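Have a look at the structure below before the remarks.
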Amino acid sequence: MAIALGANRYGKSGIRLATVDRDGERHAFTDLTIDVRLEGAFTPAHAEGDNSAILPTDTMRGACYALAREEPVGTPESFGLRLTTYLLEAAPAAELATVSLLQQPWERIAGDHPFTFSRAGGGLRTAIVSRGRSRDGDDVEVAAGVADLYVLKTSGSAFTGYLVDRFTTLPSAPDRILATSITATWRYTRLGLDYSQCADDVRRAVLDAFAGHDDSRSLQHTLWVMGEAVLASCPDVGDIHFSLPNQHHVPADLSPYGMDNPNRVFVATDRPFGVIEGTVTRDQR
Amino acid sequence: MAIALGANRYGKSGIRLATVDRDGERHAFTDLTIDVRLEGAFTPAHAEGDNSAILPTDTMRGACYALAREEPVGTPESFGLRLTTYLLEAAPAAELATVSLLQQPWERIAGDHPFTFSRAGGGLRTAIVSRGRSRDGDDVEVAAGVADLYVLKTSGSAFTGYLVDRFTTLPSAPDRILATSITATWRYTRLGLDYSQCADDVRRAVLDAFAGHDDSRSLQHTLWVMGEAVLASCPDVGDIHFSLPNQHHVPADLSPYGMDNPNRVFVATDRPFGVIEGTVTRDQR
Amino acid sequence: MAIALGANRYGKSGIRLATVDRDGERHAFTDLTIDVRLEGAFTPAHAEGDNSAILPTDTMRGACYALAREEPVGTPESFGLRLTTYLLEAAPAAELATVSLLQQPWERIAGDHPFTFSRAGGGLRTAIVSRGRSRDGDDVEVAAGVADLYVLKTSGSAFTGYLVDRFTTLPSAPDRILATSITATWRYTRLGLDYSQCADDVRRAVLDAFAGHDDSRSLQHTLWVMGEAVLASCPDVGDIHFSLPNQHHVPADLSPYGMDNPNRVFVATDRPFGVIEGTVTRDQR
Amino acid sequence: MAIALGANRYGKSGIRLATVDRDGERHAFTDLTIDVRLEGAFTPAHAEGDNSAILPTDTMRGACYALAREEPVGTPESFGLRLTTYLLEAAPAAELATVSLLQQPWERIAGDHPFTFSRAGGGLRTAIVSRGRSRDGDDVEVAAGVADLYVLKTSGSAFTGYLVDRFTTLPSAPDRILATSITATWRYTRLGLDYSQCADDVRRAVLDAFAGHDDSRSLQHTLWVMGEAVLASCPDVGDIHFSLPNQHHVPADLSPYGMDNPNRVFVATDRPFGVIEGTVTRDQR
């Protein structure tokens, strides 16, 4: 029987890198979790057990720590750019290197303390850098994102006018709680940006749009409005993808106790949950 | 600014459906977790807040329970086929319905008891059914899989001869522990199969190949051998994709205590972990 | 064979209660996860299957939602006080009712928006209320706490001078990263307090002590200093218990790459982790 | 202000130890996760930052691997006995050493293969060994247990006749699904037992009692019957503690669809869940 190797990739996940910048009077602390992947001409490793083209995943791990010592880590995006450059140099068989980075934010406590921090709320900062081997560098892609950004509004959200069939029992909700955990990834259309500034801008656009959208008719509707706000405020963002779980807050049925419940008391549910995913992009027409 | 909606989909995740078949003297218990997704012409919902084409995700949830009452659930694959048929009927704007099912296996305890069960080991059974609207039904795809199938071998596995660069410190391992949690998904080339028999066959081929491959030179190498075994033994499988974390067991360094360690005592590690992913397919040339 | 029932209790866990206070121009949102337990004379339920004294755990669940409608939830402590009162009334066989509450903090976004919130950082607020049946009410106990409060300092922490034996390889650390996730519970010595003010005060005392303790010689040492600060600043706290995982940040060994590492680059580890637990109390001598 | 140190302990959690016994033709694989705790005269460490009595938790970790090399690990109980002996020798200030062990079971695959394994179902084996300093060794305690043993019965279980109050809406259930994840810990009344045989016996007694109890009137009732069976079949067990979440399977309400549901289709729920905890002991009267 003839068989062939289809799409394949390999790498290391969950590399936990922390760095301290002690150069100033105030320390800076950076906390990253890094995933690395290589794709390319790795058929001999699979079909023949020939490892000569394989850069061990343990080396990918070691490289993260070594590169973090060679130069300051900087932004997740810039560290991803450096790491992908190294990976393509180190692994000649690789045609594409992809690095995903997740940064846990820490904030200073106790009155802007110089070296003491607490985990900040507001979700995680993410970046994805991929790099191919084209000579002119046009196959480097930098994307950034946020993850686990929990937001909720207690008014300004409805879900009505939907399709009804024989299995539909959902009551129409002219005023409901809208709650989600925003995971978004946006792609930049060029390199060399101030990535931290861009990330702050996108994040602010997302939150302001979520809060300001006081006529939300669905989570899809809010997704669109948030995407529009990002593209309007950030010219270097080409598109943005959202993955939005709908974390249902169901009004408690208090009628068995002879009580009404005018949208005051809710059962927060875990499962099942709705999932709304979509990309908002610039219209190319 | 002109913006457009790119790829999008929505649905319900984590629908927990259990059924009891009480028809015979021995009960059968089925335990499914179901994810539903619809894709199609949903731009008005996003751009205008027009929900008239939206089948609520709550209805998807309800349909799972109702369909399970209309007819016995049967295999995950057959239930996915029924559920996708319903979804396309119920949501005219949908062009593609995808249902992912995860079945928790339960085995009878206490000497083949008629109605008492314990969660079985050996991983979870999965299925993914997608259905489009072509008239001849040729856009129905059935895939099946296993997830969280933890396997380990204490001999017959090496990792040597790999590429060495300035950041490589990994010692060559002529005899190591190989441990992974197999998640695999294979696609069927036709419908109407005995899906439970096929799943058993693939599973047996995977496990026998893992155990029998006593010259493993890498996890990639073992992936290939397992894929080959599946394609050889199951003519209705077109390809199989594996996602294999490499759960490293590192020999403990006992030299500070004046002890040797000839592959007897290991540190089992969580993070970081290697990830090997690849598809083995029939050669079409 | 004669057998007997020893210590036993039962209840409901994971009750997810959310409420919206819509009375003012700005909504207030409260998000609680509640665990309920009853202890008492429940031997007949166990030994004879006699449920006549059993308040169903489903009723405990329902009571949370109903009581939240009867009156505003208020603080976790006050809601726990109300709920335990109800439980002892409803279940005559119960001799002790205990309610544990975990409050997820949400903060206003988008410039102090009236009805839009984001999950705040800084850990969770907890409360534990237990109530017995003594006539004078002296067996009501209110405890409060924080959970998952991640803090970290990059200087001012050492671990040296410890006991060394044949299995000790840990290098002495005169300057290390100290990182932990604070879970603390403190008991109040009287009722009728402003529980939110007290919780704020304790929390501030804990964080200020963590930050200000710039001569930490161990996590035990810091535990003591934090406890001392709480008891000094909060006269109504009788004792405080800390559970402190030591989330190790190990300097990366870069010597194989010919690099030094003067406390700049760290491997953040998950497992194993140290655990330091202790109670600081007022000296009764 | 005078403050004092109350109850305190410290140690290491999540030590992941795996060993391979290669002495015979068939390898044996042992997979343990170990938690270590010391209690004793550790006030100077807290109050003065004096670490001279502190055995580092890193040394506890190292000792696990070293002791596993000095002699075969054997049962979790016997390894816990060795480890506590070491700990009290190494840490003179400690008055009590406690070691908790969790063993992941692995079973041979592919026809009783000599060195290939798969994770087995049926829950985890646990042991807790504590040792004090009394001269005659009478303060050594060995307990054993199972964890995460998921069991379920589709008949033979009822919940009726319970107390009804103003917040009770639960329908009486003469025939329901009973599902739980058994976590149990039993204490031995003497040392020197065949701990694996005892664990097998207890486990079989628990499962047979769960299955055979075809008149269960509550989870409390089943707890009692399981405890009674263990004490009847295992003379060296002094008592047994169960922690039993009640994993509710609620009959789906299909009436909105015009369907009945005679106990065929269920919503499996995660939260909230009931919790039943109790100890069954030998009657000392």
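Lettered A, B, C and D in written order, each chain numbered from 1.
One rule holds in what follows: contacts are C-beta pairs under 8 Å (C-beta built on N, C-alpha and C of every residue); 3 or more make two chains touch, one makes a residue touch a chain.
As the structure is a computational prediction, the values presented were derived from the model and not from experiment.
Of all residue numbers seen at the subunit A-subunit B contact, over half occur in both copies; the interface is built from largely matching residues. Comparing chain pairs C-D and A-C, the larger number of C-beta contacts belongs to C-D. Chain geometry summary: the mean Cα position of subunit B and that of subunit C are 38 Å apart.
Separating the centre of subunit C from that of subunit D, both taken as means of CA atoms, is a distance of 24 Å. Centroids built from CA atoms put subunit C at 30 Å from subunit A. Those residues of subunit A in touch with two or more other chains are numbered 16, 62, 66, 167, 169, 256-257, 270-271.
Subunit C makes touch with subunit B in their complex at residues 166-167, 169, 256-257, 270-271.
Taken together, the subunit A residues at the contact with subunit B in this complex read 1-16, 35, 37, 42, 45-59, 61-63, 66, 90-91, 159-163, 165, 167-170, 215-218, 220-221, 223-224, 227-228, 231-232, 239, 241, 245-246, 270-285.
Contact residues on subunit B toward subunit D in their complex (touch as defined above): 16-22, 27, 29, 31, 62, 65-66, 68-70, 106-107, 109-110, 113, 115-122, 149-156, 177, 207-208, 210-212, 249, 252, 254, 256-257, 259, 261, 263-270.
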